[in-house]
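Remarks on the structure that follows.
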């Protein structure tokens, strides 16, 4: 029953989680419109890619969902939240590659591990 | 003494303050490097320009200050804070134009009203 | 028409706006439940009261609205947004007292100047 | 050489990372003073404990480091950053318990896995 010292794969997964939590809570609440969505997506990806062991971050701020939300509203912008995001983050740590994604599930942004490769 | 109902100029100044507080506290703490500074600056400006009555936001994430900070460190990125920012925000409200700036003073990011024109 | 140099009342309004934008964009997105709402409200008020010229911040994270939102969901927490907030901020600047409030209007958190007294 | 499907321990580590990234990037930049540090620490812990699989969060906003920083300054508050934080987060996921800590190392807030127990 288990050593307590984390494996490299476990550390890689921890690092991947840090990136996801960082990305989400740094940028949630940002004012966003279909016009400003592309620059926000680029900044989110490039800023999180600065973090250690982060190979690649892909962010799509979904214009279709933004337009649907704004169609129900009198405003021409809204606040960034999980509903408007599709994110993939790839972390490399000591030869382990972890792929993670964020998807909506039951109205909540679910962050999940997709694969762990040594 | 004095009427209590805000003037249009006072409301314009209030609106300008909201934009500054929003910009600073939404983005402070973002991981940033000289390479990712331009995309972050663009996203900051475009996101805050979505807010009501906001005519123009100009953001410079200062590469020179970033490089100076990183030269003292073992890391290749840092966290966004006022030291790395130069910001100008112009708000229009009911015919009043307010120009505001953020500058460092005594090590603190000082936000100030530059002009109020009716 | 009009001098360009801001009056004390205009600066007081600018300062009040900064506090509102800061409060909102620092804390929007925070995980919150009816149980954790009181500690979050206290921290929001006490942190913003640190800012210059800020006399008093009153924050209510509305448990009734939180419960209504959670009743529609499978989760037992949500993200802080304007729908769950009632905020009053009082700023004093050079003898001017500005009272500001945040209220929901048409589904948007509307920040407004309530009074400006010299 | 390695299955790609994450183990429960790996998922537990991913979840722990999410909590750390969330806590740090939600609250970094918050105005803080020795007086307001305790309420901020409580709110940080209680808000992150809302997240799934999070058993316990312990946050100390270090008054000694705050006082040292303010002694070099003309201000009576500063912005929350890793220098002022000691954090421990415990996550339970499908019978795995992960303990994580944040400590300063070379001037950077280092988040690390302390133990993974099945």
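Here the chain labels run A, B, C and D in written order, and each chain numbers its own residues starting at 1.
Here is the rule we go by: a contact is a pair of C-beta atoms (placed from the backbone, for glycine too) under 8 Å apart; a residue touches a chain by one contact, two chains touch by 3 or more.
All figures in this text were calculated on a predicted structure; none of them were measured in a lab.
Visitor: Pick the pair with more C-beta contacts: A-D or C-D?
Guide: Of the two interfaces, A-D and C-D, more C-beta pairs touch across A-D.
Visitor: Please report how many Å separate the Cα centroid of subunit C from that of subunit D, as a whole number.
Guide: Roughly 25 Å separates the two chain centres.
Visitor: Report, in whole Å, the distance between the mean C-alpha point of subunit A and the mean C-alpha point of subunit C.
Guide: 28
Visitor: Taking each chain's centre as its mean C-alpha position, how far apart are subunit A and subunit D in Å?
Guide: Computed from C-alpha means, the inter-chain centre distance equals 19 Å.
Visitor: Residues touching two or more other chains, restricted to subunit D: which are they?
Guide: Expected reply: 22, 24-26, 29.
Visitor: Linking chains that touch, what shape results: line, ring, star, complete or other?
Guide: Contact pattern: complete, every chain touching every other.
Visitor: For subunit C, which residues are in contact with subunit D within the complex?
Guide: 22, 26-27, 29-33, 35-36, 39-40, 42-44, 46-51, 76-77
Visitor: Quick one: which bits of subunit A touch subunit C in the complex? Just the residue numbers, please.
Guide: 24-25, 28-29, 73-75, 79, 81, 106-108
Visitor: Using the touch definition from the top, list the residues of subunit A that touch subunit D in their complex.
Guide: 1-2, 4-7, 9-11, 13-26, 98, 100, 111, 113, 115-118
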